[in-house]
Structures are given as structure tokens and as C-alpha cells.
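First chain written, first letter: the chains are A, B, C and D, and each begins at residue 1.
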Amino acid sequence: MVIVMEKSATPEQVRRVEEKLKDRGFSTHLSQGVERTIIGAIGDRDAALMESLATLSGVERVVPILKPFKLCSREFKGEDTVVRVGDVEIGGGELQVIAGPCAVESREGFLEVAEMVKAAGATVLRGGAFKPRTSPYSFQGLEEEGLKILREARQLTGLPVITEVMDPRLVSTVCEYVDVLQIGARNMQNFFLLREVGKIKSPVVLKRGPSATIEEWLMAAEYIISSGNTNVILCERGIRTFETYTRNTLDLAAVPLVKQLTHLPVLVDPSHGTGKWKLVGPMACAAVAAGCDGLMVEVHQNPSEALSDGPQSLTPSNFERMMENVRRVFEAVSCAS
Amino acid sequence: MVIVMEKSATPEQVRRVEEKLKDRGFSTHLSQGVERTIIGAIGDRDAALMESLATLSGVERVVPILKPFKLCSREFKGEDTVVRVGDVEIGGGELQVIAGPCAVESREGFLEVAEMVKAAGATVLRGGAFKPRTSPYSFQGLEEEGLKILREARQLTGLPVITEVMDPRLVSTVCEYVDVLQIGARNMQNFFLLREVGKIKSPVVLKRGPSATIEEWLMAAEYIISSGNTNVILCERGIRTFETYTRNTLDLAAVPLVKQLTHLPVLVDPSHGTGKWKLVGPMACAAVAAGCDGLMVEVHQNPSEALSDGPQSLTPSNFERMMENVRRVFEAVSCAS
Amino acid sequence: MVIVMEKSATPEQVRRVEEKLKDRGFSTHLSQGVERTIIGAIGDRDAALMESLATLSGVERVVPILKPFKLCSREFKGEDTVVRVGDVEIGGGELQVIAGPCAVESREGFLEVAEMVKAAGATVLRGGAFKPRTSPYSFQGLEEEGLKILREARQLTGLPVITEVMDPRLVSTVCEYVDVLQIGARNMQNFFLLREVGKIKSPVVLKRGPSATIEEWLMAAEYIISSGNTNVILCERGIRTFETYTRNTLDLAAVPLVKQLTHLPVLVDPSHGTGKWKLVGPMACAAVAAGCDGLMVEVHQNPSEALSDGPQSLTPSNFERMMENVRRVFEAVSCAS
Amino acid sequence: MVIVMEKSATPEQVRRVEEKLKDRGFSTHLSQGVERTIIGAIGDRDAALMESLATLSGVERVVPILKPFKLCSREFKGEDTVVRVGDVEIGGGELQVIAGPCAVESREGFLEVAEMVKAAGATVLRGGAFKPRTSPYSFQGLEEEGLKILREARQLTGLPVITEVMDPRLVSTVCEYVDVLQIGARNMQNFFLLREVGKIKSPVVLKRGPSATIEEWLMAAEYIISSGNTNVILCERGIRTFETYTRNTLDLAAVPLVKQLTHLPVLVDPSHGTGKWKLVGPMACAAVAAGCDGLMVEVHQNPSEALSDGPQSLTPSNFERMMENVRRVFEAVSCAS
């Protein structure tokens, strides 16, 4: 880290900073300019020490040099992580498409749409059993009943299934029914939950929080990995900005950026990312062109009857069309120089 | 709600919307303009129905008219809610100040600062036993040991104590030790946790999420109240914006706004709201001038040794000075016309 | 528009709103619900009247129904606008690529890079003669000298050229030298400048402001068109958000959205949109996959010697590689179903 | 500045960075850690050089150490700048209140409201003659006619007057009529305009752009000061965030922050900062409690007939009440310890 002293800092104040650093085992380099004295400190990044230094008199600010994430960083592990979900490999060079309705609403409906999305080329099924809803008066999911339907759909189609888990008390139950756990955007910094899914072996899709920086998102992944579970898949799903035409602003630049910074696979969810089904197709193509490892898309056989997220759900036939376009784009970028 | 049809909508499409509304028990009014047909629908706000209508062909958008929050709204209950915390009344016309360190770090240290902030006029003690930290490598709190220290500080000072709860499994344990539970900003939409604290009787301080709109914040309060606990205290603590000089952007306009929209008391946390101790004093004064019911302030006897949030913590003597200034401003606005 | 009355609004207050609307020639529809009275008003959107109604007692809020933009809307003109720039058609189904350095720095350098980008497939040349810089101490451009170099490059390569104009006093001068004027992001709401470029016939590329909503962006286009110049080309270049890894957040969903809302062509600038040259290639592909009509890309023969925007500039060989990839993606989406 | 090398940087790459720095007259310090090599460089901040270094191979990022603003910094000039506007001193320890309608709409109306706000204690009159409006179809101001009315109001009341200038061609004309020029938020980075008002002697109120960081705002002030005009007054008027209940989010922490960073006086505009007249009073008090040097408030004798900004305008009697409250708060903070 680099400690920038105030212009008016006294030699005594500089000395106290250096001492504190040496006490903690850092070696220091002093650069004395006309305008400022700066102190370079070589050693591990340590958030508490950085905060502590920032409060000493004469210190203007402390600039971190090393990135705070380690286990998920590309520097720690050079080659891409490939996460296996049943027979499906995420991050292995194939484009994987997770599709299904926002919520499991009924057995018949879900099994029907499951077969439809499989036929169109989806490789993983999605469906929410526990739904995080802004309003306590909205449909909150079928809960364990929904998990049973997911399991049945898996048996029927042979596709692995993914569902969101929100409560640390339910992690082991949910694991019994599904192949992949999803940490939703609102729970990205629910650290008890992150540690809980860090203790299991099932793959975890970690959605980016709507106001999370890329660094915070990777730190959340770091929670899971450092608790023991390395099967982490990132998923960009849009951030909150001032623009209100779309539900969120899909940050596609995060895709190539995250591929540079980490070895983890990254998905894109154009459904939540836009909130409008007419934008899902173009943004799915754009996400693939940006280099993502897969997509996560909401499909409902009858969006106008959906209990949640109807406006952003594709009909099965629109999903089919999206798949055709997406495949062409994937081929185009696969042979990229 | 109001349904705006596309310019090109057919009479048949309009009819289908009207039918759907009538099926759900809404009475409708048709306004046929040159540019647009709009349909006014009188009845309860229903998120699923609004989404459903938005997906029908010919519909451009659906505009909600009623606010989504009910039990916490000023319309539902006209007079101010006063929440009792031990002998302290929050929202009752007195300014209450919650103070203490970010985290309980040691028994001696906490008891010492507890007496100091009491002497300076704090009416509630704060201290974190479980700490939500961006990095898994940072200090995560003393956990139950911390709760015991909080209880001891309460006995020593006679002041009620507040601490954050992050895990629904720990709600009842935490309740045994402290007087008020805090839902942290990152957990504002942790709906399982909200429902869990909705089942108890202890007061709950609900911090605004860093990317939560005022409406979402009030919907989170609605989760708690509709689960049975009406002792909800709101706390503005800054939102995330593009500005990086400060840790967050303290949205003080939320204070008078929330007082208009709801009957709940509202606090302001200028420590997290700014991230810089030099700004805490001025912003505490500003918050009081804006009409808040109380403050929540981080105080540490030695900020440069704090294990977290040192840069935004006041020393006890700075806290004393803040209290003097804040009192003067409170008197000035109390006799406001 | 729809006027939502407060729950407590009196019949007299409702009457006053209706009267005001009728005075202005609106026909009104009253919907009296249990919770609220709402008044639908049929007539032209009128910002001043909406504000005026919002201040009447008993009015909770006024909800606009019609969009504020007219001449640039898809409803006003159904077919796509094709803007001719020399022999190049923007919006006509071909992908156009505008390329060149951020600033014209020297005659030799610019002519060299102009030939390079032409060889790689660029169809329009870009180069700044007047540079808007955050700091008054940074290079501000060669000014009229730069315009002469641009003209020479046009003669040399046969490609049309584009440059930014910032000062209404210089519009006619700049027009003498270049084919297309650019309104930069920071000047998107410089209304005097918009009206000035509205009086000429040259095509205008209108960049989206870093904090402009899509609606405000289209209203800026409306300024130009309503002043008489219909040759407007939109350009998405990233918006300002809390994320700091990238210079801006490129909002690619704006591309299909703007194509739905307006008849104007839309470009994407992945250089400013990301600020990092390593992200320019993937985001250029993503932009094309999202359906844009063209790209605007910064290329410098030696980015580490550039006087501005070096970190986001491609070298000519990286630009060549980008062009190959972009072409493949364009073909893939061109045959999209 | 500090140059952080990539983990994999070669000694040769490090050498090339050092060489480039030495060529530009910087002295360098090398800190070689296990994880990273960092190079400290002592010398003036130079944006072009920083960008240039960032593009060299092996460089991860370049961290600026010195702040980019100079002439407006507290380090450059320790004592507060006091700007004289007629007999009024802004920044001299008295609270100054600029009040009046958004736009000058008619001679009679303006003279009437001018006398009213003077009676209530306003010390400067405001009124727009040229109005920046999002829509080309909205009222754009009375232009030179409006300037004449402003001059007449000045003669009548004896108060100095302020108005916005948007077009560099009109700076000298506007100067003939008014005492203070305002640079509006949308023009904060209209650099030609900034340089133009830098050439005159009249005081300039520089509003913060809705998406401008504090650093960019101060750099805009630097444009004016470095062009020769030191009479710059800053004005916080809210930034754009995701919150839509208010028109902008008033960033009051900017007030004490800017007072630390610069020697310039700072005003707050709670009218644009909130967009709702009911919030103007509380936020005016909060702004004063935060330490601002003055307020800028929109007052209209009949807000429901205003041609612009009616919803955020106070009536004269509400303005009177605001003034009383504001005075009490100002007294409370004036004797602050």
C-alpha cells in the first residue's frame, strides 16, 4: 500500500506511520517530494491496518496496491475453472443456457416448459421455489413443494436444475433436490449464507448485487471459496443506475473484465438485466459476443399469466428464436482471432 | 392503476385488457384520446396483475397509482409511531443518540467507551458482535462473546443496547442479550431475516440499503410490520452513487420525505453516511436540522486502533463536541414555525 | 396525463383541477375509487401544465402518458432514417465504422493513422480538433490547424471525416472542413449549441450524456430536428455509475431500445464506453450483436505517446483484429430470424 | 504518482517505465515486493503522462497522488475567499440568501416577487432570462427582455441580481445587466463558456453538474480561475442517483468537504436539489447546519401559474417561514465549538 501524507505533515507524523508499518512487519520506502511525502509499504493487503493508518494525524489517504481478492484471482490460478453440473461443463468452452420460469408455479406448467426449453437447446433448468419479492404481499414461491417439482423435472428431462436459496437454514434441504444453488443478487453480501454454501460441494451461481462493484462481487466469491467450495460461477444480471426505461443496466463490460481478473466462469442474465422481453434476445446475443460462458434466461409458456417476472419472460417460441441467433453469434466469436 | 395502450392498439386488444381487469374485480374507465387509449382501473394494487397486464399485446405500460406500502404509510396511521427502547422513546419528540464503536473488540475497551458516550449524552449504546465485512479475511466480530459484553455494558450504564443481527438462526439468541436489533444495510432485502424479526417484539432498526429506493426501504419495513412487529425504526445511512470522495452519499432529503410518507421514526447514521470522521459532526447537525428523530454515531476511544471503521469513528472528545453542536441545532429546529 | 389526487382531497380540490384542465382545452375523465380519485386528461403533453397541476392543493402527483419526444419517435415516422455521409449510409443496413485518434496531434501522425484505419475497413475518419478536457492544464487540441489536417486526410483517403464542435460560434467554421459534426457527451444538453447545429444541413452525431436518461437524450435529438436538421445519428458511449473499474458503464440495452423508440440510426463508442483498450474488442462485438448501425473507435498508431485517451486507444493491428471479429458477428446477426 | 506493475512484469518493462519518468524530469523510487513492483514518481501531476504510462506493457495501473486542482485548493491559498456582490459578501461569515423565481416571466410579476423576497430577508435576487429546458417545446425565457426586467428590479430593490448564461456569445451582454453570472449544472463542463466567464471580472456561481464528481466540479472552477477570474462561488444543487422520489439527491456532505478542499465559498440550492417545495425548508436548514455560506431558493408568488419549476417553488409566505427557521439554525451553528 501507499500512504500519502498531507502537505503539512511533520517529520514526527511521518515517523509514526513508518513505525506502525514496521511493527506490523512491513518494509517501507520513503519518497519525499516538494509537494508530498509518500510512504510505500510492502506486505500483504490488510484492510484493518489500512483503516488504522488512515486515521493517524498527517495522513491524507491510504492507497491499496494489491487487489483484495486472492483465491478467485487469475494470478492465484492461471487456467480457467470449469464447473461441472451433472454432465454439463460451465466454463469449458461450450455455451451453456439455463432457462425456465422465474418461479415454479405448478407441476404441470413447470414440466411443460421444462420440456419446451430442453427441446430448444437449454442445458440447465431454472425455477424458483423460494422467491425474494420486494412486497410481502406478492407470491413468495411454492417452497418445498416447488423443490419436489424441480426434482421431477430433472428426472423427466435429464437436465440438471438450479434454484435460489435465501435462508442459511435451508441450504442442506435445497441441496437434496437440486444440482446448483443460486445466490440471488439481493443476497450477494449475505455473508452467513455465503459461508453456508461454502461448506457444501454443489456448484453455486453467484449473482452480482445491483449495487455491487466488481471488486465486491469477487470478494463475495472469495467468501465461498475460502469456506471450501471452489465451484463458483459468477452471473452478471444488471446494476442499478439512474436509467428507468430498463429494470437494470446490464454491465456487459463486466464479462471480459471478470475473465481477465479471475479464473471463474461467468454467465449473463439478460432477463433481469433488462426487465423487458423484447430486449432479451438482442442482449443475449450481445452477452455471447462479449465472451460469456453461458446465459440465464426466463421462459414462461404464458408470460401474461406468470405470477412473477412476466414482462421479462420469453415465450417458448421467442426462446427458440433467441437460441438460433445466439448460436450463430457464438460460432462467430468462437473462431475469433 | 392506469393502463396505457400503444398508439396502434386495436379495439380487440383494449377489450382484452378490460376483461382481464373485470375478471379480477376491478372497475374500469376508458379514456380514448387521439394519441392513446388509456384505461383507469380502480381496486387494490396488485403487483402480479400489473406485470400480467404489461405483457398483453397492445399494452405500452402500466402505471401504478396507489403506493405499494400500506401498514407503514401515513395514510394507514396518521399519528407518529413512538418506539420504546427501555426508558428511551424514539420518535417521541426528543432527540435520541445511539453511540458506540463499530464492533465490540474487547470487554475493557467497550465498557470504557460506553461510559464515555453516556457521559457525553448518548441514550442508547451500539456495538457490533457479528460484523458484515466485505472481505472474509477481515475481523468478523466476537460473536456471542460480544453479546455478553453488550449485556454487561447495559448493566453498567443503564443504557439500552443495540446490535446487528445477520442470520435468522441467531435472532432469538441476540434478543436475549440486547434491547434493539439492527438490520444492516446489506440485509435490508433479506426477506427471511425480515420475517424472523417480524415475529419478535423487540424494536428493530432497519437501515436503508445502499441501492434501495425509498419505496423499497418502506416495503422492507412492511415485511416486518406485516409479520407482526410494529416497533420499526428507519435509519438512513447513505446510498451508493458515483461520488467516491465519501463512502456513501447521505440522502438527507429522505428524512422529511419519510416523515411525510410514513408514521415510523427515522434516524440518520452520519458515520457510514460519509465514511470520514471530519464530516460526521457537520452531517449530524444537518440531519437534525432536516428533522430526524435521532442519530447513530460510531465512537471509538482510539480510532487508529479500531478493528473496523476507524476512519469514520469519532474520538470521545470529538463526540462530546458533536453533541453540543447537535443540541443547539435541535433546539433551533424544535421551536420552528 | 393522469392526475392522482391525495386520499384526503376534497371535492372542491378535484373540481379545481378539472377546471384548470378544461381551461387548457383538455377533456377529462374522473375515476373515483375508494382509495383515490384520479383524473385522466386527454390532450397534448404540456410540461408547464403538468408542473402547474402538481402544485395545486390536493394533488399527489401527475403522471405523463404520452412520451415527450415527437419528431424523432417511431410513431411519428415508421421507417428507419438513413443518414448519408459522403458515400456512406448510416442506418441503411451496412455496419459503418468511424475510427481514428482521440485528437489530431500532428499532420504526419494523423495522415498515417488515417490510411491505416482505412486499410482495416473504417468507413469514416474521426479526430478531435477542439478537445473538451476535464483539466485546463491538459492538451486542448490544435483547433483550426487540426481542422485543416482533417480536410487533408479526407482528400488523401477519400473517407468522410467527423470532428466535435463545442462552441456555437464555431459551427459554421467547422462545417467548412468536415462532413459530420459531433456533439460530445458533455454538451448533450447545451441547448444553444443544439439549436445551432439544427440550422445546418450536415449530419450530426449526438452522443449520450454520461448522466442522461434515454428520454433526455431523445429530447436533445428533438432540439436538433425541430430546429430543421433531420440528419441526426445517436451514439451510446457509456453512462456514469458507481462502478470504477471501467471509465463508464456501456449501456448496450439502449441500442435495441432506441431502435424501438425512434427512427434514428444509433452508433456505439466502446472506447469511451470502457476506457480500457482490452475491453474495446469484446464490447465492439457485443454492440454489433445488440444491433447497432455502426461503431466509433479510437485508434492511435502509438497509444503510449497519445496526448489524450491513450489507455482506451487501439493500435492499428488491434483495430484490424477487432474489425475481423466484428465483421463475423455482424454477419451472424444480419441473417438473424 | 505511483505506478503499479503487473505481477508478471519483467525487469525490462520496469526499466522502460523508469526511463520514461526520468525523461520527463521525475525522480523515481522503486519498491520491490514479493507480489508487485511499484514505482513512486515525484513531480507535478500530468494527466497525459499518466495515461501514457498506463499503456506501457507490464503496467497494471497508475495511481495519482497529487490532486489535479491547484488554484482553487486550500493548499494553494489557506484563507477563505470572500466574493463581493455589490454590498453583499459571500463567504465572509454572513449567511446570504439568493431568491426569486426560476424564470423571469413578466415585468409586474418579477418586480412583485422581488420586493417580497427582499422583505423576507433575501440579499440577492435571482431570475432566469435564458432557460435551459429539457424539451424544445417548453418556455425558453424572455431573453434580453428578461435581462432588462432584472436590471429594473435591481434599481427598485437595491439588491444585486444573478442570472444564468448559457451561450459564450452572450457573456458580455449579460454582464451589462446583472451583477453575478450563473453557470448552470448542465454547462458545468462547457469549457468554452467557462473560459469566457474566466475573462470577465463579475462573480460567477458555478453549479455542480448532476453527474459531476467533486473533483470534476473543482476542475471546472479551475478553468475559470486559471482564465483570470477568481470570483468563483460554488453551488451544490443535487446529483443524479437511482432515487426518483426526489428530482436530485442533494449531496450535503459536499459542503464541509469542499470547505476543506478549497478556499471558495459554497452555496446550496435546495429547490433543484429536491424538486419538491415541501422538502425545501428542511433541506435549507440542513444545508445551513452543514456549514454552507448561503442558499439559492426558488420563490414564485403563485407556483401553480409558474412557467417552470412550479413544484419546487416556495410561495412568499413559505419563504418567509423558511427564512425564520434558517436564521435560527444559522445562529445555532455560528456559535459552534
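FYI, contacts are C-beta pairs under 8 Å (C-beta built on N, C-alpha and C of every residue); 3 or more make two chains touch, one makes a residue touch a chain.
Protein names from UniProt, one per chain: A, B, C, D = Phospho-2-dehydro-3-deoxyheptonate aldolase.
Every value quoted in this text rests on a predicted model; they were computed, and no experiment measured them.
Asks: More contacting C-beta pairs: A-C or B-C?
Replies: When A-C is set beside B-C, the one with more contacts is A-C.
Asks: From chain C, which chain is the farthest off, judged by mean CA positions?
Replies: Here the answer is chain B, farthest from chain C.
Asks: So how far apart, in whole Å, are chain A and chain C when each is placed at the average of its C-alpha atoms?
Replies: 30
Asks: Just curious, how far off is chain D from chain C if you go by their C-alpha centres, in Å?
Replies: Centres of chain C and chain D (C-alpha means) sit 26 Å apart.
Asks: How many angstrom lie between the CA centroids of chain B and chain C, rounded to a whole number?
Replies: Distance between chain centres: 38 Å.
Asks: For chain B, jot down the residues that touch at least 2 other chains.
Replies: Residues 211, 240-242, 244 of chain B touch two or more partner chains.
Asks: Which bits of chain C are touching chain B when the two form their complex?
Replies: 2, 4, 7, 29-36, 38, 40, 42-43, 63, 65-66, 75, 240-242, 244
Asks: Could you list, by residue number, the parts of chain D that touch chain C in their complex?
Replies: Within the complex, chain D contacts chain C at residues 47-48, 51-56, 68, 132-140, 166-169, 186-187, 189-192, 195, 209-211, 216, 219, 222-223, 226-227, 240, 277, 303-311, 313.
Asks: Residue numbers of chain B touching chain D in their complex, please.
Replies: 211, 213-215, 239, 241-246, 249-257, 260, 273-274, 276, 278-279, 282-283, 285-291, 321, 324-325, 328-329, 331-333, 335-337
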